[in-house]
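Dropping the structures in below, format is structure tokens.
Both complexes below contain chain A, partnered by chain B and then by chain C.
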Partner chain A sequence: MSRAEADRLRQRLNNELQRLTLDECVKCTICEQSCPVAGVTALFSGPKFVGPQAERFRHGASVDLSVDYCSSCGTCTVVCPQGVHVAELNSLARAVLKAERGVPLRDRLITRTTLMGRAMTPVAPVANAVLDNRLARTALEKVVGVHADAPMPTAHPEPLRAWLKRRPAPTRTPTRGPVVFFHGCAGGYFEVEAARCAIEVLEHLGFEVLVPEQGCCGLAEQSNGLFEQATASVRKLVAQLRAPATGVPIVSTAGSCGGMLKHEAHEILGLDDPGLLDVGARTRDISEFLLELHDAGELPLDFARIDLRLPYHQPCQVRSQGIGVPAAELLRLIPGLEVVESDATCCGIAGTYGLKREKYAIAQAVGRPLFELVAATHQGLVACDTETCRWQIAKATGVRTVHPIQFVHQAYGLGRVIAPSAVR
Partner chain B sequence: MRDVVVIGAGLAGLTAALRLARAGRSVTLVARGVGGLSLAQGTIDILGYTPERVLRPLDAVAAVPPEHPYAGLGPDAVAAAVTWLRDELGSELLVGDPAVNLHLPTALGALRPTALAQPSMVAADARGGLTYAVVGVRQLKDFPADLVAGNLARSTAPDGGPLGATAAWVDLPARPGEADPSGLTYARSLDDAAFADRFAVAVRDAAGAGDVVLLPGVLGVRPGAGRRLAELIGRPVAEVPLLPPSVPGLRLADALRARVAAAGVRILLGSAVTGFTADGDRVATVTVAAAGGPRALAASDFVYAPGGFESGALAVDSRGAIAETVFGLPLTAADAAGLVGPRYWAPHPLFEVGVRTDAAGRPVAGDKVVHPNLYVAGGILAGPEPWREKSGDGIAVATAVRAAAMIEGGAR
Partner chain C sequence: MRRLAADVVVVGGGSTGAGVVRDAAMRGYTAVLVDRSDLAQGTTGRFHGLLHSGGRYVVSDPGSATECARENAVLSRIQAPAIERTGGLFVSVPGDDPGYGDRFLAGAAATGVPAREIPVAEALRREPRLNRGISRAIEVEDASVDGWQLVWGAVNSARAYGAKVLTYHPVTRIDIADGRVRAVHCHDQRRDEEVVIECAFVLNCAGPWAGRITDLAGLPPVPVIPGRGIMIALNHRVVNTVVNRLIYPTDGDILVPVHTVSVIGTTDVKESDPDHLPIPAAEVQQMLDAGERLIPGFRRARAVHAWAGSRPLIRDDRVAADDTRHMSRGMAVVDHLTRDGVAGLLTIGGGKLTTYRLMAEHIVDAMGDQRGERRPCRTADEEIPYAEGSRHYVVTHRLADREADRLDDQIVCECELMSRRMFTDLLHREPLATLDDLRRQLRLGMGPCQGGFCAGRAAGIAVTERVVDAERATGLLRLFLKNRWIGLWPILYGAQVRQTALDHWLYAGTLDIEHLPTPDQEVVR
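On to the complex of A and B.
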């Protein structure tokens, strides 16, 4: 990482709007109360301390290295009653720190989600076996710094695009107009099931579903301080999502990545690109989209019963979108489905945070209340909107964790029934 | 479209949302942050000073001047609202009689009047002859035990009798490697039974003479830890709220938020309300700065409980113009000139500025209702400085209950 990039980022940290919100901070400590990381470790001195407080002392220098222990969950900005952009400030400060001190190879590798998907798919069984292998994981931890017990995705043998080509063309004529579907890297390569379900639900509801070729949103790169790469990724994705149609809703099953398009790329990367703002304004999480239909009286409620007690966790980066908890409301429309909402702030993984050797134990401690809730209430399944959170929950609890849309799909009788994991 | 949109996540907003949801209304609660309730002491003030110290708050409510927010409510409505909150949260969290003020020690050793308090605090209620064994924790800088004990020992109980106090310290780190924990960090450690037991033994061994062991307000984030500590210590125990992060405040806020969520309220946090649209004189939608861009929330009725100057709902610009920032509501003063006193502790009439309402709690311009479906509650109301007279909680709860009742009753 170059000195020049560090200077550029520092310039932004010093000059941009985010910094103006510093003076709004009244040191009330609400962000400290809510920070999931500071709650479990003394290594992170808390969002107020490393943010609005330390920022006044930086004058371009990094004064508090503990900012690297921020997980970028964004909770501090959500809870701030004064409108201070605490999380955005801290993300920038960390990017400066990393630009100055160099980014570990590990942080470059784990952010290449699309690449990982593409590389793993042709050799999915082999890749999955390697990631399941204890010896290989120990080596990975030693050499790269990815914790041996951290959750890793399972590559799907058939990526979404291959399924889209293979499946018969939808027979129903669209009655509601087009939507663009954003599935994210995980929906394309790892959790293809959730993406397929979403497409089939939208088609069932009468939408024409346009699925453009799409890459990574850059969120993982951004969280790791790789702002240049993140900017390139999100710009490319914005162009891809705008290609098929103008003005139509962009519906997302990638919970956190939707937040990147809606506000994080604008507020953290500082992109004022009109294309990004257009995409951000049109992006809806799929549960948000369906609940908007319901509020307008346009969602058919002919759901089949699903008799199940279902723990549901809203990821931090979905909560920060300010949309309420649409997945929980949507799932409660399904007869028989008893939704147990977690009030956990974060599952701990925060994208790639919980993969890292030095942060793994913190991430597990952050997630513990959620894991305990799951263990106490589950009947073989958990619902959660973001991929990495699902991997974290499934790995920690041993309970199959799926996207909420899969229950909607099942309740509409569209052919798939979610198999629960064995109840312990 | 929702039945009601409530703006604000403080005591007033949460109360209104809970009452309306329980009454079967579809409610969306929207707020810029998570609300300020967790910063407060975790007690419910009704009226503490008029400016003399108040012993019987409902009697004092009956005697407020006509421009006071309590004047339009009356003592019965205030008592009913506060009692409802107490019973809703249960005796694990709030105890007391709205008609009688408690007098509880502060973290400086002063006595603070309040109507309802948490069960872990009330053993310290000052009465003549009571003696306090004040115990500080070396790791917690915001509870200076010697100062607290010294000030209490030279104070007089409301009944005119003397108070006594001794000071002692325990030295017990909560989290390894942390020299300067917040009260919240310490409280989280005390939620762990093993650490709580060690803490109790240390306090028991260190505490000096006194009827009640007075401790910093960090006795567990979950309610109920004080009871077990008292058993182990062998004397009544009382905790004193500290500077934020306030653990008793957080207990109250967590409990109320959990009830609001369980009642089915749609909660949009981190989303500022930036404006509104009207349909004639009615409010049709409020505009929310959600991620991705503005969204319009439509509802039949709106409750506006955003707080006052401290939350930014009321603002003064560089020319001294005072404004309400979302609806542009008429205020009791438009110009801040001359409204800020010369000294910090002097009265500042600026903080009396706010919205005036009709008997239903709807903002008025002169005596004309501005929007027939907009109700206000809490700190945005015009009236005496609430922190000076210690009336903010009671005003928030009672005006929120009124707003909910008017909407339920279809007041037009």
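On to the complex of A and C.
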């Protein structure tokens, strides 16, 4: 956080390929039409404005503080027909701004996801009760700036690593070789259930599942303009994921974090190190991985029937990976499961965006069409690939929201049946 | 017919004329400036945007170098909002004679041009896209300047001192009787009316058109030779410092970051008619090659517009008549009393935008000499008031403005961040203006889309504001787009092709602009 850091970042902006892509903009406005934030608030001037347009005016001190209203959902880059790296330009501009002006304590806290998990797990019931307490949340909003109504994770009393140690060793001999499993911070501490299901599905399919000790990918830090910290985080994670084996697939249940490894750390943080590129090339979202098996005729389809109409929302940061909608396709292989795709651009949370006091209402407005679709179609359950989006949807709709792999797990008859919330 | 009277009529509303009318008014003369079109529409609006440090002339033209260095400092003081203190670099690219740098430094010391050699690594740190192979870098005090802001500032100052400014008033005749200037006849094009201005003095500041003015006085031709130069603007600032080749002045050796674009210039070709300046394909290629030597990848960057301007050089017998680059950049005042026996007429040529104030001082001094009086020049001492205050221009300026008014105003020109209020304020002040006249003050349509999105909006708003009717709006829109195209044809390659195709679909396809109803006589001014 210094002038020097701001200068270094701006030099990258001036110098690197992101800035050159602004030359491709023909002002068509498709990004503005697709931006979930600009559609609900005038506070954000829209991706075309803050990206290829404003970038032509940036030199010296940052003057456009409103660039921070970008939620980093990445939709603008995905929809741009000319190849302008709109979201990347915005992210860099925001990082320069933060480097110049400093980052609020709140943004430093909410990006420390692994730390939060580690701190909360041993005292899970207490921590969860505190985060559920209205008075405590009001105090949190006043002092730190996290909105009192924003969704908060629930700490699991048993972290994934404890379960891995406790459970009986897998009895089946692997028939398909090893995979490295990337569960993300949420899979380790908060949504341990999804991670357990994924491991059991992969083992059921005959894979040896290697689960290295793993930290945060840095995506939340990156979205908050903390590039130095994000770089350190992702570098560390890359080393951890490369440790158990070379050349084997890395399978992820952390929807958005997978995107960080695949392209964001390279395109936004500008990291070029071979380790990251290697991990990025090997990383697969778990639905993507299973669908690839299916395409190769190697996925057993002996799924038990699940009679359910299931709204499914693909997170913005999964869409930006350019992998189609593998979770929806995978879920449709399960007999009886009627998948209703949300077609919503974003649920609003965008990682940590919707937690912030000044952005909470915007995030709720962004998510409204999705929440309405859920309310109109759900039968007690929603599926979604990214944890923070699940928390946002569950909190806003009151409907239990789970990772798609949990339905695959149930359909393979591997034990747990997902309990729906009461249909309202 | 309208009759006016003044001490002096200044012909030509470029930088020279603007400086002269301000200077004359400040010295207490009643002054009228006339121009055949809008202010700063000719040479002043068609340069690369460089406010010279003098560095360019330290070896080739030491007198000009000293003048530039002095005037650079003066204008920075009195017209700060028109000027961005970008700083400048002279760099030797591979193939350039590194020894020239020593002659340069010696010349700079001799002419009083501030210059300092800096390590190559430091130059590359400041400008990361510069050719990594440069062998020397010398820092100078180049700046970039908006010629239109410069002229409007001077003219507004002149008006505050009582001067009158008549644009779209071409001179039709200059009356001379008994060896003296008596009156200037103009045609007010907008009211279709003859205007006669009785005066004792005419100061001919028509630049490359100066010979036509002396023709209208019935005098022998003045040897003005238009030296044409082309310029190309890139879509964004590939550098934030002015970058010059560290060589004897030649073609394509300057890259200027001005406003949101960077401009490469220029060529120098003798022309006969300053109203018809071609932009030949070969010269465009020559500029792109020159840019590529300074900034690798230059050809892949997007060019948004090209233009040609013409230097108002007065013939100098010391060099061949077709070698306009090496004619004196120094100014020359032609006194028609000694030359042609006509009192009250002076013509000025040569000079450059950077020295416009000094040129004005010289010609108004010369007028005083003929009148036998010496009123002191005060133009260097008094700051010209600007709405923006007295801070230098910075490129973030409009981004900060739009950040401030983003919740209560619209943006009409997105590329150049021109708000609706900026447009309507000027429109109501200048209801007779064309869209190009407004463009020169607001930068309407000067960004990458070249009017594709904003020109139609601007025409529509002018109708909504009841400043023009639908027929005039159509005419204004057509004229504006036609003029934009002049600068687009020569650089139709790369990303700009997609833009022009989209713009064409919008106007020809959706709006069907070619077949809109029009009056018998279309508005063109």
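Some points to look at:
Just so we're on the same page, the second predicted complex is superposed on the first by the 421 of 424 C-alpha atoms of A that agree within 3 Å, B and C clash if a C-alpha of one lies under 4 Å from a C-alpha of the other, contacts with A are read in each partner's own complex, and residues count from 1 in each chain.
Quick note on the criterion: a residue touches a chain if its C-beta (ideal position, glycine included) is under 8 Å from a C-beta of that chain, and two chains touch if they have at least 3 such contacts.
Remember, it's a predicted structure, so these values are computed and weren't measured experimentally.
In the superposed model, A:E55 lies in contact with chain C only, and not with chain B. When the two structures are aligned on the shared chain, A:A243 is found in touch with neither chain B nor chain C. Which of chain B and chain C touches more residues of chain A: that partner is B. Of the two partner chains, neither chain B nor chain C is touched by A:A129. Legend: residue contacts after superposition of the two complexes on their common chain; A:D64 is shown touching chain C, with no touch to chain B.
Applying the stated contact rule after C-alpha superposition, one finds that A:D23 touches chain C and leaves chain B untouched.
When the two complexes are overlaid on their common chain A, residue A:D295 makes contact with chain B while staying clear of chain C.
In the superposition on chain A, A:V143 makes contact with neither chain B nor chain C.
In the superposition on chain A, A:G83 contacts chain B only, with no contact to chain C.
In the superposed model, A:D343 lies in contact with chain B only, and not with chain C. Overlap of the chain B and chain C contact sets on chain A: residues 24, 26, 28, 42-43, 82.
By the touch rule above, chain C contacts chain A in their complex via residues 125, 128-129, 235-237, 240, 260, 297, 300-302, 394-400, 402-403, 406-407, 411, 414-415, 417, 447-449, 452-453, 494-495, 498-499, 502.
Residues of chain A that touch chain C in their complex: 11, 14-15, 19-20, 22-28, 42-43, 45, 48-49, 53-61, 63-66, 82. Residues 24, 26, 28-30, 32-34, 38-39, 42-43, 46, 77-83, 259, 261-263, 277, 280-283, 295, 319-325, 329, 341, 343 of chain A are the ones that touch chain B when the two sit in their complex. Interface residues of chain B facing chain A in the complex, by the touch rule stated above, are 1, 28, 31-36, 38-39, 175-178, 181-182, 184-185, 188, 244-245, 250, 258, 261, 266-272, 288-293, 310-312.
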